[in-house]
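Two complexes come next, and they have one chain in common, subunit A, joined by subunit B in the first and subunit C in the second.
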Partner chain A sequence: MFRYFLRRLAYTLPIALGVTLVCFALVHLAPGDPISAVLPENASASVVQEIKAAYGFDKPLPLQYLIWLGHITQGDLGTSIKTGRPVAAEIGPAIANSMLLAAASIFLAFVGGCALGAVAGYTRRHGVDRAVTAVAVTGVSLPHYWLGMVLIVFFSVELRWLPATGMGGPDLAHLILPAVTLAVIPMGIIARSVRASVSEIRRQEFVQTLYAKGLRGPQVLLHVAKNVAPTVMAVMGLQFAQMLGGSILVETVFSWPGTGFLLNTAIFTRDLPILQGTILVLAMLFVFTNLLVDVLQMLVDPRVKRA
Partner chain B sequence: MAAALALALPTADARAESVLRVATTLSDVPLTTGQASQGGEGMRFIGFTLYDGLINWDLSRSDVAAKLRPALAESWSVDEATHTKWTFKLRPNVKFHDGSAFTADAIVWNLDKLLKRDAPQFDQAQATQASQYVLNIASYRVIDPMTVEITTKSADAVFPYLIADVGISSPARYKEVGGDWNKFAMTPSGTGPWKLDKLVPRERAELVRNSNYWDPKRVPKADRMVLLMMPDPNTRVAALLSKQVDWIEAPPPDTLPRLKEAGMQIVTNIYPHNWPYQLSYSEGSPFRDIRIRKAANLAIDRKGLVEFLGGTAIPSEGMVDPKHPWFGKPTFKIRYDPDEARKLMKEAGYSPEHPLHVKFAISTSGSGQMQPLPMNEFIQENLKAVGFDVELEVLEWEALRARRRAGSDAPENKGVYGINNSFGYWDPDIGLIGTAWSKMKPPAGYNWGGFSDREADELAAQAKVEFDPAKQDAILARLHARIVDQAMWIWVVHDLNPRALAPNVKGFVQAQSWFQDLTPVYLQ
Partner chain C sequence: MRMQTAPSTAAAITPAAAFRRPSRGYWHTVRRRLSRDPLTLGCAAVLLLLVGIAIAAPWLGLDDPFKMSMIRRLKPPGYQGHLLGTDELGRDMLARLIFGARLSLFTGFVPVVLATLIGGGLGIIAGFTGGRWNMVIMRLIDVFYAFPSVLLAVAISGALGAGLLNSIVSLTLVFIPPIARIAESVTTQVREQDFVEAARATGASGWRIVQGHVLANVTGPILVYASSLISVSIVIASGLSFLGLGVSPPNAEWGLMLNTLRQAIYVAPMTAILPGIMIFVTSMCFNLMSDGLRGAMDIKNG
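Up next, the complex of A and B:
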């Protein structure tokens, strides 16, 4: 098991290096001037040059990449052009905020998705299966932005039960609407995956054997659940990792100061250090979340280990 | 459940003191160190709340264009011989928020912060923000503890306007935080009417009243002002309707009926804003022909556009609004006259059947850009009716700004004959001198297209060195009349800067300015 873990960990190193390269290249090859957002309206050529030099944008791109790589290996992600604050200090709280939202959303998505998927996969009635599938497909298809606005109009503007924006202290009241909005798509995806797995596993011979041995429905369900777990974990891992990246739309609609909001701001202001740093940290979080999921899957399902 | 949740909201405890909650269009708190970032809105909410300049804007009236008034300097004068040495007599007994005294040394220290690269307090972020205001400063010195002298590189009658945008930070607080601007940003100290109490990046800035403010008339009426970052316009509207905030900036026009229905106050006023197409005079541009420029100006149904914008704008008749002291007496009346436009186009050899193809660079959004996509499509149809075939090159806001800074001769602007970049006219430089003077092509000024006219050049040069404000206004009025008669740009509308306020927000006077004074605002 330890060797398996080490092998998976070793895979992440070239991935990490590739991520730094792709992330640097994407950010720098995109059109626009990296200092445009901080440049005064009528900056002279000498002022432009001075500012470029101050931020190190006057050097050739490969050199800029190597300097940046050197700094990040020492844990220094640079300084935001726009705010002058260290990038790490900007990303840290944003990730914490997105993580809070992601945790709440994935919890809702997990509970809702598993319940819907299990009901659909377990029931022999076509009507129930179709109804649940319709709900799941609707969930996957609903645009976040639209749903967020609808929830705000209904629960904040009309009923005035919940705040429309911000994250408060943070507190539960501020969390509910963005979490529900963000949970709808993964809930649909989890429901569909669970439904497919449950339905497939229920057809397997060992389930018939369990019934033949006299086990009751709930006991058989427990066995089915154990077999469905790796699939659910894999889907959840991916969804959770994706959520950590924050949702630009949901976080902007709810003014939730997470990584999506941060990225959105950085994109529109060409704040390259923030963009590079955030993309890198998120990509690495994604890689490590997947690694963690792989390890957990192996612990739950010995077949993975043997493979 | 609703009651329990409501308790968790800040609205409940916020009522214990008088708290004004403002939803800005910003996505992050502007720089709080002295020289606010993020343009006019940054200056409005952070620059002029926490800090004063030597000179401030007078934002106390809504019926006239905002002018300058003494602030940290009680008076100022320029040397009659050279017109380059400015002497500022400072206001005594002014204290920074940290309690330290404001003296002439603080002015020199702050200018070093922006201009002297080897000074310990030099701050690139602030220097970048202030560079357009301090570009012409050659030197400065303390004459006595209450007098400072600033020498400019060339005579510049616009200098007082520029220095009004330079905020003065506390040297004592900088020392206290160990010479770290990042720490200073979290506990800033200026001399302004508000003090920063709390800053949460990308979320909020909480300002509290500076009870010891040197101008008793401008001590804030509210105890606290919470500035919330809400870039999404619909979210701002929802926040106001759900009583989560008391004030929102820039509600979308289509939400105004709903806001009015809910009893909200919609406040608007003219301010130095214009939504134009800056035209190219580069080789090959059809707009080198005045008939085509005039035709384009006559082709636009501005009243229809204003209606489409829910009445949140007024038609432009030039760069500045008709009531502005710089409007003058142009002979070319900018109006909707498609027949006259078609006639001019015919004279130039074009018609709706044989249209003139022109490309305009526009943005999807941006500061002062209003509703750029539908507005451009509206105008595209108007122009089509008189013989233009308009191609719109849609860019992201920062990309459009970069195109503007490059000037129309730049390779990236080849084939682009107009740029839809909103503009201001809060000072003579940005409004008229820098746009109309042929030597002010980028990067020297704002003359994107390279407009060149001998009479305009002479008037711009005169205005730049006329130090009597009334005489300067008169020259600027002649300059404005000249550029309108030349149809220098296609001027479309002036935004009315709509804001929506909760019914209990009182005392706000919407100045004719990009900046606003929030000190008289209170909650009933």
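Up next, the complex of A and C:
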């Protein structure tokens, strides 16, 4: 088991290193100088040189990368060009807010997706199955930022039940709409995969054996659930990770003060260290969530280890 | 000598089997399955109609999509000949939605085409050469695959700056890795097949085998997968414009329209959500059509 973990880690680390390289390249890919945003129009050449030296932009690129890599391994993500505060201090609260939103959404998506998928996989009646599949396809092709707007129109503008935007302290009312919006796509995906694996497992012989030895429906369901769990977990982990990076649009619609919001501001103020730092942190979270999902999956389902 | 390829085996009719109905080949089966699938055909029809209207937009006698009017802002549908009302600057919504289809379909479609060519090429090279090159290409692909797709698109667009070209570049980069992975896995499977071995034995060159066998088998899965990406691409491309990273105002584009109409959501909620309906319907049609194609072409991987 430990060897499996090491093998997965050995595969993940080079990728993580590649991710840092891409994040580093992003800033240097950007048109114009990374520091042009902070300089006054008429800055003299000596001032430019001085600021470049202060940020370390005067050194050759490979050396800059290594220095930057050294810093980020110590948790130093640089300084925001706009606010002058450490990037890590800006990202911290934003990540916490995004995590809260993503956790609420994945919970909704899990409950809804499993219920829909199990019903579809279990009934195998044409109508029910079709309806669930239709919901799943709709969920997958929905532009979720637009869904957010539609929900605002219905629940905030027309019915006046829920607040439209902002966070307003740690209360549930502000969380509901963005969480539901963000949950729709993963719910569709989870429902699809639960439906597929439930109907596949129900066809296997051990289920017949369980019925034959006298177990009742709910008890059999428990056995089926145990076999569906690894698949659902893998899908859920992936969706959770996607959500952390993909919530930028929904966060913008609801003015949710998370990483998406931070990224959006960073892009339009050309605050490249923040942009770079946020993307790096989110991509790393994505990479390591995937690793975690794989390891957890192996713990739940020992067959994976041998594959 | 061109070898027979796996999916299109037209059975040779021997005298003994003369009264058995001859198999009419793979594509015939695919066409027959599609013709019995009203959902897929319906979606294809809707999409064709949309593309047709988008192309013909200047000749449809619509209002000028750029003509503003300060006294006719955010009017409801049906107001003085504005069938779908007017937007926040008094421009005709119907005209803007139809003209918007041009940019939205373009920015959704082009990245997938480019990514299919580049990613497909890379995947075939990696799968066919195997060994060290496979290693280099696929690990590079893995790095880009390690980013959540929306994040990567926003990151690249954000670094390059707003603009149509930049958003096409960023989306292309987002779609290359998944397509390359499919191409690589299918190519690797084909490479192991007996008919490739046979071709090699008859002295066919590597290029010849790629042309005759690999392409014939890889094209189907790649195209089906790519068609499913168009739906995603349209949603993300509009998302980039929604964030202000795509085309710039006053251009008509669905995502950008959603962005500028967002401020009007309390005043004219129905007008504000209209562009989203277009994005949703288009994306859904591409999705369903791709599902139908996958079923009809009997493709499992991809």
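Keep in mind that, in the parts below, the second predicted complex is superposed on the first by the 273 of 307 C-alpha atoms of A that agree within 3 Å, B and C clash if a C-alpha of one lies under 4 Å from a C-alpha of the other, contacts with A are read in each partner's own complex, and residues count from 1 in each chain.
Quick note on the criterion: contacts are C-beta pairs under 8 Å (C-beta built on N, C-alpha and C of every residue); 3 or more make two chains touch, one makes a residue touch a chain.
This is a predicted model, so every value here is computed, not measured.
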Using the superposition on chain A described above, determine whether A:Val47 touches subunit B (first), subunit C (second), both, or neither.
first
Is A:Val111 touching the first partner subunit B, the second partner subunit C, both, or neither of them?
neither
Name the contact category of A:Leu142: first (subunit B only), second (subunit C only), both, or neither.
second
Between subunit B and subunit C, whom does A:Ala241 touch in the aligned arrangement: first, second, both, or neither?
second
Determine, under the contact definition given at the top, whether A:Thr269 touches first (subunit B), second (subunit C), both, or neither.
first
Touching A:Leu66 in the superposition: subunit B (first), subunit C (second), both, neither?
neither
Tell me the contact category for A:Val27 with respect to subunit B and subunit C: first, second, both or neither.
second
First, second, both or neither for A:Val128, with subunit B first and subunit C second
neither
Based on the superposed arrangement, let me know which partner A:Leu282 touches: subunit B (first), subunit C (second), both, or neither?
second
Identify the residues of subunit A that lie in both the subunit B contact region and the subunit C contact region.
31, 149, 152-153, 157, 252-253, 264, 268
Subunit A - residues contacting subunit B, complex
31-33, 35-45, 47-48, 51, 54-55, 82-86, 90, 93-94, 149, 152-153, 156-157, 159-169, 171-174, 176, 252-255, 257, 261-262, 264-265, 268-270
Going by the contact rule at the top, pick out the subunit B residues touching subunit A in the complex.
1-2, 5-6, 8-11, 23, 27-28, 31, 33, 37, 123-125, 128-132, 135, 181-182, 185, 200-204, 228-232, 234-235, 238-239, 241-244, 396-399, 401-402, 405, 430, 434, 442-446
Complex interface listing, subunit A residues touching subunit C:
14-16, 18-19, 21-22, 26-27, 29-31, 137-138, 140-143, 145-147, 149-150, 152-153, 157-158, 241-242, 244-246, 248-249, 252-253, 263-264, 266-268, 272, 275, 279, 282-283, 286-287, 290
Touching residues of subunit C toward subunit A in the complex: what are they?
139-140, 142-144, 146-152, 154-156, 158-161, 231, 235, 238-239, 242-245, 258, 262, 265-266, 269-270, 272-273, 275-276, 279-280, 283-284, 286-288, 291
